[in-house]
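In the two complexes below, chain A is the common chain; its partner is chain B in one and chain C in the other.
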Partner chain A sequence: MATDSADSVVQKDRSMVLQKNMIAEHFKRLERAPESGEPVVYTFVPGNLTELIRSFDALPLLPEINALQSGMRGKSKDYIAEAERAGHSEDVCTYVKCDIGMLKSGNIGPTGTKLPKPDLLLLSYTGCYTFMKWFELLREEYDCPTVFLQIPYQGDGELEPEHRKYIVDQIEADLIPAMEKISGKKYDEDKLKHHLGLAAEAEDDLVAVLHSAKNRPSPIDSYFGGVYYVGPIFSAFRGTEEGVEYYRELRKEVEARVAAGLGPVTPDGSLDEQDYRLVVEGPPNWTSFREFWRMFSEEKAVVVASTYTKVGGTYDLGFRHDPSDPLGTMADYCGGCYTNLNMPSRIDMLVNYIKDYSADGFVINSVKSCNSFSAGQLMMLREVEKRTGVPGAFIESDLVDPRYFSAANIKNRLESYLQMIDARRQRTAS
Partner chain B sequence: MSNRKIIIEWALGVYEDLHFTAARETLSQNPNLKAVGFLPVYAPREVIVASSMLPVGIYGGGDQIEIIRGDAYYQSYICHLPRSVIELAQSDRLDFLSAVLFPSTCDVIRNLSGMWQVMYPDLYVRYLDLPHVRDPEVGGKFWERELRTLIDKLGEVSGHRASDDDLRAAIHLYNEVRWVIRELYRARSAEPWRLPTEELYLLLRAGEVVAPELFLDKARAYLEAIHEDSPPMKDRSRVIVVGTFCEQPPLGLIKTIERAGCWIVDDDLLIGNRMLTRDVQTQGDPVANLAEAFILHSEKTSVLYEPDPDGKKTLMAQRVRAAKADGIIFAAPSFCDPALLDRPMLRSGAEEAGIPCIAFKYAENTGQFQQFREQAGTFSDSIKLWGGS
Partner chain C sequence: MRCYVGIDLGSTTTKAVILGDDGGILGRGITNSRSNYDLAAKVAREEAFITARFGLLRQEVEAAAGTELLERLLKAFRMSQTLAQLERTHELIAAEVEHTVAERLRKSTLAVVEDMIRVIADEEVIWFEDPDPPARSDFFRDTAGSAYMRLAEERGDPAGVSFDLLVGLYDKCIIKVENEPLELGFSDHIDAALARIGDPLVVREAVEKAAGTEFDEVSCVGTGYGRARLPFPKEQIRSEILCHGLGAHAMFPDTRTVLDIGGQDTKAIQVDGHGIVTSFQMNDRCAAGCGRYLGYIADEMNIGLHELGPLAQKSTRTVKINSTCTVFAGAELRERLSLGEKRENILAGLHRAIILRAMSLLARSGGIDDEFTFTGGVARNPAAVKALRDLTEENYGDRTLNISADSIYTGALGGALFARREAQGS
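Right, the complex of A and B next:
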């Protein structure tokens, strides 16, 4: 999810300015943290417990976001090379290597400020095996405690009560005492509830934005634009006043576009005429993000729903943070993040998106880095095709390793896929 | 033929038989018995046996199966194991299984569990989320609850819900199994020429798919037989092989390493069969005992979180010392997240301790061993020349 300023990509709405300022301010605070004494907690997007972190007046920092930003800013290639020189395998997730390379190159963050060392590594083990190794690796670089929070996988399609209990037990036994220690503050449940209430407010507005794609034309692009929309809520700003303001503003703008019958703003302007409505599974490529988006927008293809924008929470499936059960709701949140869902649930999600958003087709972008997403996607493709009767397209790239983005291949693939959709339409019409 | 040869011939036959005839025969001889498949690395076999079921380790097809259907399920940048597991299933070689367990080894095996749910909806499929939190009151209780659920579910499949006494008997049986495996490892480390890894591996591999009682008989007999006609002692370097816990190297690769001049004196091969490092208590609550044994006494492996910040750094030196090894061969399956992400941490710890290391990648169906022969040969020579750790 991009928390970039976005101004290089699309023209500015007020929400974008807000997001840009929020992020810049956050990174300034992070840079000042060693002096200000605000504790810094490194954690991951899926299963991030931002409200709890904020309730201790600590600052979250998300290495995945830094890695994708490095990809967008053309720095990831060198960072990855640096990590591979240091012995990291070419076969593993490039987010990790990008982060390690950045660290070895001086740890300058996406906005050009120096990133502080962590006071705590909060290893929220949610939906991705690599997370465990990532923080075991980072732990070797920093002299700070690590809290491991195991989020059981929804192997049977739901977070079983004993799994929920396990998460709550860990938060109580390990995480809260660790937060108390690094912050010097007592756990304050009322404060946590306050942040959770703010989270739910923003989540309502985000869901309204995501659902707006059911309109024709869709006022948003739920993948390329979606990664900007989910940026604040997936990272440091869920459960904050700024987050609430951002989503209120974003929702207003999107509703105004619906009323005016306008499409989303893309790198080439407003996409009001939309020939193809697509659903996308898998993360985007960040190193050629703009070019990738253009391949869709030039063909007048708009993405009406995507699974990647659910890695930090499946709010559109109904989940909301519930201040009346603070620890339980955090457990439910973690358990429900997209990559923590089993294959049948992921397939159901795609099938439902295709139906609910009246999509013409679906595209799987399979990234080399990520077994959590990619292992099983070919079966998903066939299964979704079987259940919907809608053919899908399968393209391959990587998150932040530019060596694995072949523009010509992807463009060809996409164009022939869209031609196939045309041919089907003609057959149905005749 | 000597006893030793007879046993190894038997093991080789079981290893090469991708129709799992031995397991099928056990089922046909015991009409009430059902079979449960499990993928690497660790599944609580005691629970399976106590539920009147036969545990069957599923380790893919190695270099013996042509992948016809499996490649249609996986992109080129995913390891080889799951495609050969799919191949086995799609060619009806696993049709004797009534349930399959997918331990939380990595995201590939995790996602495979869901693929199985979609492809084989009539089969009982369970993802086994192993506990990473080593606090008995938190991780231990979680694992205990998971084990109780598994007992209920397997009971539904087999028609026999394991009683506490069934579980105690199964724990006792597997204490024996682990004891004999530890003895075999100890004997190999003491006199590796008497117990070459290509033989030990075949025996243990057979043990993954036959009834545990049968494996015990064979393993005990083999332990007795190793002095009968052991190959002559050869002066070779002593190495441990790290990273081979899931997708298995082809037998040819194991032979190549040893023939190139390296005795393997410790390894990660089939590590699930000795995951619990101590006997599990047979007194008291058997489920609590199994859970506690896992939380407090399991092998350190790449698939579990290492709570000790220095744990990765010091692990290789500890293992090298325990096995009196001279060096380490890091052998990882291509695209294997657990083995490859762990490698830089383990290797730098080893090198800081002055332990010579080499590293390579393989796939279960690797057919060319020349490069490995040269690498292992040079490694062995350099250890002999410059000394080991």
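Right, the complex of A and C next:
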């Protein structure tokens, strides 16, 4: 999830400017937090309970967003080296190492402002074991209170009623008291409902944006552009007025592009002529993000759907935050994040995307230092190929460690894959 | 004569294949890729056109005078090319001596070099005239280089010229020889070759006919690791994965799985009944287990790359090599040697280790289906082939394993087929 697009994309839409300002303002507020007294809650994107945090007038801070931002800004290499000097091995998740390295280097955030210490570490464990270890390290560093919400893995493909109750109980018994303590405020259900209502409003608009990729040409790139689009809702702005405004604006812009028959804006301008419609599984590489994007856009390949843009919520599958059941809806949200889904559900999602978005192919970007995502991806590839008859491609890179991005190798695989699609098309045509 | 050209610009060698209108192969050429890709492509193409002309000669000469005369002509032609390259190397070294060597050493250095070049030239003549010559590298750089090193060691010190100086001169000049467009074409050397075999009239007539044939190059497709560097428009460039798939299909139409082990890529490819790729996997980030791995091991052992396989075949057992990293495997090799393990047994283990990596890619690409075709430079290595045969049998049971003697040209052949397919619109 990228959250600061305006300076890196050729054409600036109003939504981009909005996003840039929102992020900048948020980081300034975070920097002032020690003086203003606003409590700061560190939490992760999958399973983030931003509405609840906001209802206590606290500020969320998302370490993995900072890590990917550091990757995009060319700082992750040094941070990773710093973490490795501190004893973290080469195989550890590079988000963790980037975050730890940033902390050791003075904790200056991606926009250049100083990041505050956490008043609370809030971990919603949603299928990533590393998150747990990450916060253990941060707890060691900051010696602050920690709430660990145990979210049952959807091993059987759905969240059972007892799972839901288990999560709600933890929110009531552990999280709300902890939030009351750090904020000095009483839990206010009406305020929470208000934020949840705003969340649902923005979610509707986001889903409309994601669905717009069913058009030909697709007005958006659902992966490279998608990570910008999900930025606000995955980070600090779900359930806020600014978030609602951003998605309203974005939706308007996208609808205007559909009406004009335009494609998405890429690093090389508007991609109106689209030869390949692809689905992508796995996170992008952040250190060579533009180069990676270009490998697609130069070949006139557009991504029409991606799973990575669902790690912070599977809204396009129908989930909406529901103000009428505030705690239950938060439990549903945590359980339904992409990282918490089992293999068959992930396969179903890819298969449905390929069908619903009339994709010509799908690409798996397997990330070296993320086992939560990468384990089983080849099995997924075979299964999706079998069920759709659409061939898949497999490329390998990393999140924020530039050492694991081999441009020539990735380009070679991608080009070969697209030429393979061409050859099959010609075969079918003749 | 209408023809279609495919060029495969690999990390180690560059190959060219020329196809006729009917899809039959007219000629093939190969050269080392050197640091100048454009020139490598030019040389390989030139070589392919030379063999194409010899192909035209073949029928005429065979009918009139038998195959032996033709083979002699071909060898005489190669010798003429080699001697021309040697002469050019000599010129460049002499010029280099004039420019860079201290005056007091100049005369003795020039004398030693002249002596060495004369010996190499004599040895070349002997090699080319030998009806069953010992195996050696295909490239001038390697063959001349190994003779030069040997002679420099023998003759440098006694003449008061250091080995290092002599080797430095060669290293500097061989790069120039490789990177300048020498006249090595058919018309440049065919007369000298004819003269060397006694200029028989029947051959001369055929030569004139072959030399007079115009090749009309309809289209050309480039592929391989360096394809982006080829001076071709994008539409004329294909991924080597597609080219290897199609090339292997053309050589063995029942092929369903292709393994290509080249200099720095290993590719496992699945193709359908038309040679169209359906799935592929290739090595990522690291080139351990590719051709260069064997090159490195050969360097470590101080033997030629082409000697590795035959040596490994003499093994009595296979030493287990654990390292998948090339450099660590080198360390493991030295350790085993110091423990008294036989070279051939360690080599058998190293060959098995690289094929094990290929097996993993094959499994990931969808397994090994019948028939199975092995391509790329490493397919020329008998020990690698044996390891592949054994591991295929162990993991997948009985599979037909195809290896063409011309497997190194598979990618270039695929490229030429794409060129022809597109030009003919089929």
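Here is the rule we go by: the second predicted complex is superposed on the first by the 427 of 430 C-alpha atoms of A that agree within 3 Å, B and C clash if a C-alpha of one lies under 4 Å from a C-alpha of the other, contacts with A are read in each partner's own complex, and residues count from 1 in each chain.
Here, a residue touches a chain if its C-beta (ideal position, glycine included) is under 8 Å from a C-beta of that chain, and two chains touch if they have at least 3 such contacts.
These figures come from a predicted structure and were not determined experimentally.
Within the superposed three-chain model, A:Y125 lies in touch with chain B and out of touch with chain C [touch as defined at top].
Measured by the number of chain A residues touched, the leading partner among chain B and chain C is B. In the superposition on chain A, A:E396 makes contact with both chain B and chain C. In the superposition on chain A, contact is made by A:S406 with chain C only, not with chain B.
Using the contact criterion defined above for the overlaid structures, shared-chain residue A:E385 touches chain C, although it does not reach chain B. Looking at the shared chain after the overlay, A:E415 reaches chain C, while chain B stays out of its contact range.
Contacts of A:Y187 after superposition: neither chain B nor chain C is touched.
Of the two partner chains placed by the overlay, only chain C lies in contact with A:A423; chain B stays clear of it. Residues 378, 396 of chain A contact both chain B in one complex and chain C in the other.
Contact residues of chain A toward chain B in the complex are 86-89, 91-93, 96, 123, 125, 128-130, 132-134, 136-137, 139-140, 146, 148, 150, 152-153, 155-156, 160, 162-163, 165-166, 169-170, 173-174, 342-344, 346-347, 366, 368, 371-372, 374-379, 383, 396. On the side of chain B, the complex with chain A involves touching residues 72-75, 77-78, 82, 102, 104, 106-108, 110-115, 117-119, 126-127, 129, 131-133, 135, 137-139, 141-142, 145-146, 149, 302, 305-307, 309, 312-313, 332, 334-338, 340-345, 347-348, 361. Of all the residues in chain A, the ones that touch chain C in their complex are 378, 382, 385, 391-392, 394, 396, 404, 406, 409, 412-413, 415-416, 419-420, 423-424, 427, 430. Of all the residues in chain C, the ones that touch chain A in their complex are 225, 238-242, 265, 272, 274, 276-282, 284-285, 364, 366, 426.
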